[in-house]
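What follows is subunit A paired twice: with subunit B in the first complex and subunit C in the second.
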Partner chain A sequence: MASVLIVDDASFMRMMIKDILEKNDFDIAGEAANGQEAVELYNELQPDLVTMDITMPEKDGIEALKEIKSSSPGANIIMCSAMGQQAMVIDAIQAGAKDFIVKPFQADRVMDAINKVLG
Partner chain B sequence: MPSSTQMEANHINAITKAASAIVQEHLGIEASFSTPLKAGKQFQSSDISVVMGVNGTLEGQIICSMEENTALSIVGTMMGGMEISKMDDMGWSAIQEFGNWVAGKAASELTNTSAVIDISPPVVNEGVSTFRMEQSFITLPLQSTIGNFYIHVSMRPTN
Partner chain C sequence: MSQSEYLEVFIDESQEHLQAINDNLLQLEKEPGDLSIVGEIFRSAHTLKGMGATMGFEDLAHLTHNMENVLDLIRNDQLEVTSHVMDIVFEAVDDLEEIIVDISNGGDGKQDVDAVVKHLETLQGLEPAASGEEAATAEAVQPANTINENYDEYEWTVLTQSQEQGYQAYQIQISLDEKTMLKAARVYMVFEVLEQIGDVIKSTPPADELEEEKFDFTFVVTLLTTTEADEIKQRILKVSEISSVYIKTVNIDPYKENTTKEKNQVEEKANSSPAKKQEKRKKKESSPGKKGTELNKTIRVNIDRLDVLMNLFEELVIDRGRLEQISSELNNTELNETVERMSRISGDLQEIILNMRMMPVDQVFNRFPRMVRSLSKELGKKVNLEIIGAETELDRTIIDEIGDPLVHLIRNSIDHGIEHPDVRKSSGKSEEGTVELRAYHSGNHVFIEIEDDGAGINKEKVINKALENGVVTEEDLEKMTDQQMYGLLFASGFSTAEEVTDVSGRGVGLDVVRSTFESLGGVVTVDSELGKGSLFSIQLPLTLSIIDVMLVEVAEEKYAVPLTAIIETAIVNKKEVYSAHNQKVIDFRGKVVPLVFLHEIFQVPAKDKDETDNDFYSLVIINKGEKVAGLVVDSLIGQHDIVLKSLGNYLSDVFAISGATILGDGQVALIVDTNALIK
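Then we have the complex of A and B:
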């Protein structure tokens, strides 16, 4: 069973993503509420995949993405953000994100992205 | 009035389009905007307000305000059609996220006007309050089947 680290500052979003993943038999490796926690938990837990919000206090998701990719180039990170402007998407993909999901999303969009990355 | 203190119509349109997309298309709540109101440098909010800062080529605030019953209906819809009778921590988080969705979508719509903005993490204000600012606000009223929303916007080009 693949393990996922969920990163979002909103507990509501973490709950929604967790619910989608659990219904699809994924293992929740952990949850982080900001970019700094995400980097620390990634190193500790080594999950198969990360869902990463962008706008977060302390350290944003793009910074966290870059830090994780520099120490773990093989990391599978999918961005999940309400900020879906083209420039933001390009930034994230260039920094190594595998996909970019714009909030609000449907469960199917999340599962398609995850299955494609892990498939 | 100098044009730099006026909000451009295409910026206002981008925000109404964004709010309609989130409320109608994503949440499936029937809604329509009525004529924007010029609120001046202060306005009185409804029961619950989600406050977000705008930075980038434009700067200012977007504040989504609504009555408590409307907020409870939105939260219930966001949770997949649950009946919510009281706001709890998860409800507060959901209503902040609602504001984030509207502002995020507005940021995407604004790129069509060449404005590039970022949104600060939302803050929620509980209780009817008077908001004051140096710059003028425009109020965008959105009538829906679950009650009225008011989107208060103050944005001007960054110097």
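Then we have the complex of A and C:
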């Protein structure tokens, strides 16, 4: 069973993803509300996958991504983005994100992305 | 590059390819078995198709596509090269030419090509009409399955080279899921995947448009890689929101690429093509790519710029003359040396500039083989056109002008000169007549000759006709040589054709031909032997704008006589002048030479000083063909390089003056048109 770390500053969004993942038998390793937390939790939990929001307080998703990638180059990170953040998404992919999903989330899209990254 | 610049290049290249097709078709007709020629034609047709499609000229693309199919059949020995096949292909080429002409005249290149396409389709054994639409609908129904990528020459070079280095080229059509939101980011991911395994050398739409999401959901990339097609596909599909991936092997052999379009399904092809490709490449090597090497050594320069350069240089020549004059007056050694050196260098420069404007007469000659072919078919005659000296060079301005009159002369030779095969047979000649078109340099002139081995000119007929039309009088005829009588053909209002054909009896007489050549400073002569053939000879100056002249003085005025017309200069005693037929003549080297007094012709006011104290006349002996005359002038100044300037539009019909020039001392000298002075 793959474990997932969910990173998003909005608890509503975390809930949605959690819901989708649980329905598909994923193990929720933990939740983080900002980039800094995300980095700390990743190092602690070493999850199989991270869903990373881009816009967050303290430290944004891309910063966090870069930090995680630098210490764990093999990290599987999927970016969660809103419409209109194309440039950032591309930055993130350059920095090593494996895929991205666009809000509002659709369950099948999310699963598709996750399965692809893990598959 | 702006669109119009594209268009210019497009037109230029199209014309080159059309010419190549024409030449090769004629070659093919001579050697129907030589399939390498078919390959050449195919390549040109294919390039044309690609270019036409890229520029959006659909009729052009459609027509070349069908031509290509027919050529493919020929190449694969499924169709024999018969005269009928050639006719249809030629017809297609004619249409292509019309399209290109239309485009270069600013048209939209639309042309009704249905008739020819139908013929071509019949050759392919297709039901006419059906295929075009079918293909169209097929494309409409299944757009996702057809990849139709065009490459330009540079891209082809890259493709070819990388294949030589062991890379395989694939065209990959990728469709995104229709719900994809950040398409650009998705495309970015695809590119990232592709770049891990190879090089993307082209994408349609181009990368910047992809970045701006200016595409629906499908885009095509060309990838150079060593990875297998299957693996590429898997890797791309790893990216989310990709709905489909089609991969097609790019056949490096340029003309293969589009014909495989319909059956593009893919990977399996990779196995069958390498052998073929190698074979093709061998062929390419055996016929060394002359275009490639030439491309490196030449640049295209707009003709206007050369004209400007020439004009500027002409100004320089005028200043040079002035400088020479000043330095000779000042008599300063250092100045003299410098000026002399400058003159020498500018002389070299002049040669180079003139050379740059020189073009081989092939530019004009290359259209004649086609013309002769269709003309002889039309007239039911057998004619072999031989072109000699097509590499002879002439000034561009002259080249531009001589095309039409030459067409006229060649038509004339074939229509009136070469007899019908049966007539030729009965008079003991081979059935096939020969027209020889020659060009060669001689001194400061280029000669172009058209010789046929046909019936020759019937002198009696010419004379009768000339008398009938009042071109000459009986009296004149008595004094005429044979050549002069043949020359009557060129007199205005003359036509000896018993029946007016639509070939050369078009109401435009040979007199127009003559006047065109004469306006270029040329001379046309005819010689003929009844039953053996005729020879039309045209003498043209190498260049028009800077000429060598003899400067002469008449009273206070200076005149320039083109050196090309001068035989020699002489000084004769006034006692040696006789009168004959109301004309003053001299006996010069055993010939009677009429004298032309320039001060009378140009009504030059006499000098104050009494002329009679001079017992001698200074003469410039000039000729026009066989005729000779002596120009009487006051003094001979010497030989000069001068720049010919026209008198402008206001002074277009000045008798015996062909232009003017500015001399070193700032004076204007008029240039004498010697042809007008000899009747």
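Quick note on the criterion: the second predicted complex is superposed on the first by the 116 of 119 C-alpha atoms of A that agree within 3 Å, B and C clash if a C-alpha of one lies under 4 Å from a C-alpha of the other, contacts with A are read in each partner's own complex, and residues count from 1 in each chain.
By definition in this document, a contact is a pair of C-beta atoms (placed from the backbone, for glycine too) under 8 Å apart; a residue touches a chain by one contact, two chains touch by 3 or more.
These figures come from a predicted structure and were not determined experimentally.
By the touch criterion defined above, A:Phe12 lies against subunit B but remains apart from subunit C after alignment on the C-alpha atoms of chain A.
Contact with subunit C, but none with subunit B, is seen for A:Ile93 once the two complexes are overlaid on the shared chain. Look at A:Ala113: by the touch rule set out above, it reaches subunit C but stays clear of subunit B. When the two complexes are overlaid on their common chain A, residue A:Pro57 makes contact with subunit B while staying clear of subunit C.
Contacts of A:Ser81 after superposition on the shared chain: both subunit B and subunit C are touched.
Comparing which residues of subunit A touch subunit B with which touch subunit C, the overlap comprises 81, 83, 85-86, 102. Subunit C meets subunit A in the complex at residues 179, 181-182, 184-185, 188-189, 192, 238-241. Of all the residues in subunit B, the ones that touch subunit A in their complex are 22, 26, 78, 89-90, 93-94, 96-97, 100-101, 103-105, 107-108, 111, 116, 118-121. Against subunit B, the residues of subunit A that register as touching in their complex are 9-13, 15, 55-57, 81-87, 102-104. Taken together, the subunit A residues at the contact with subunit C in this complex read 81, 83, 85-86, 89-90, 93, 99-102, 106, 109, 112-113, 116.
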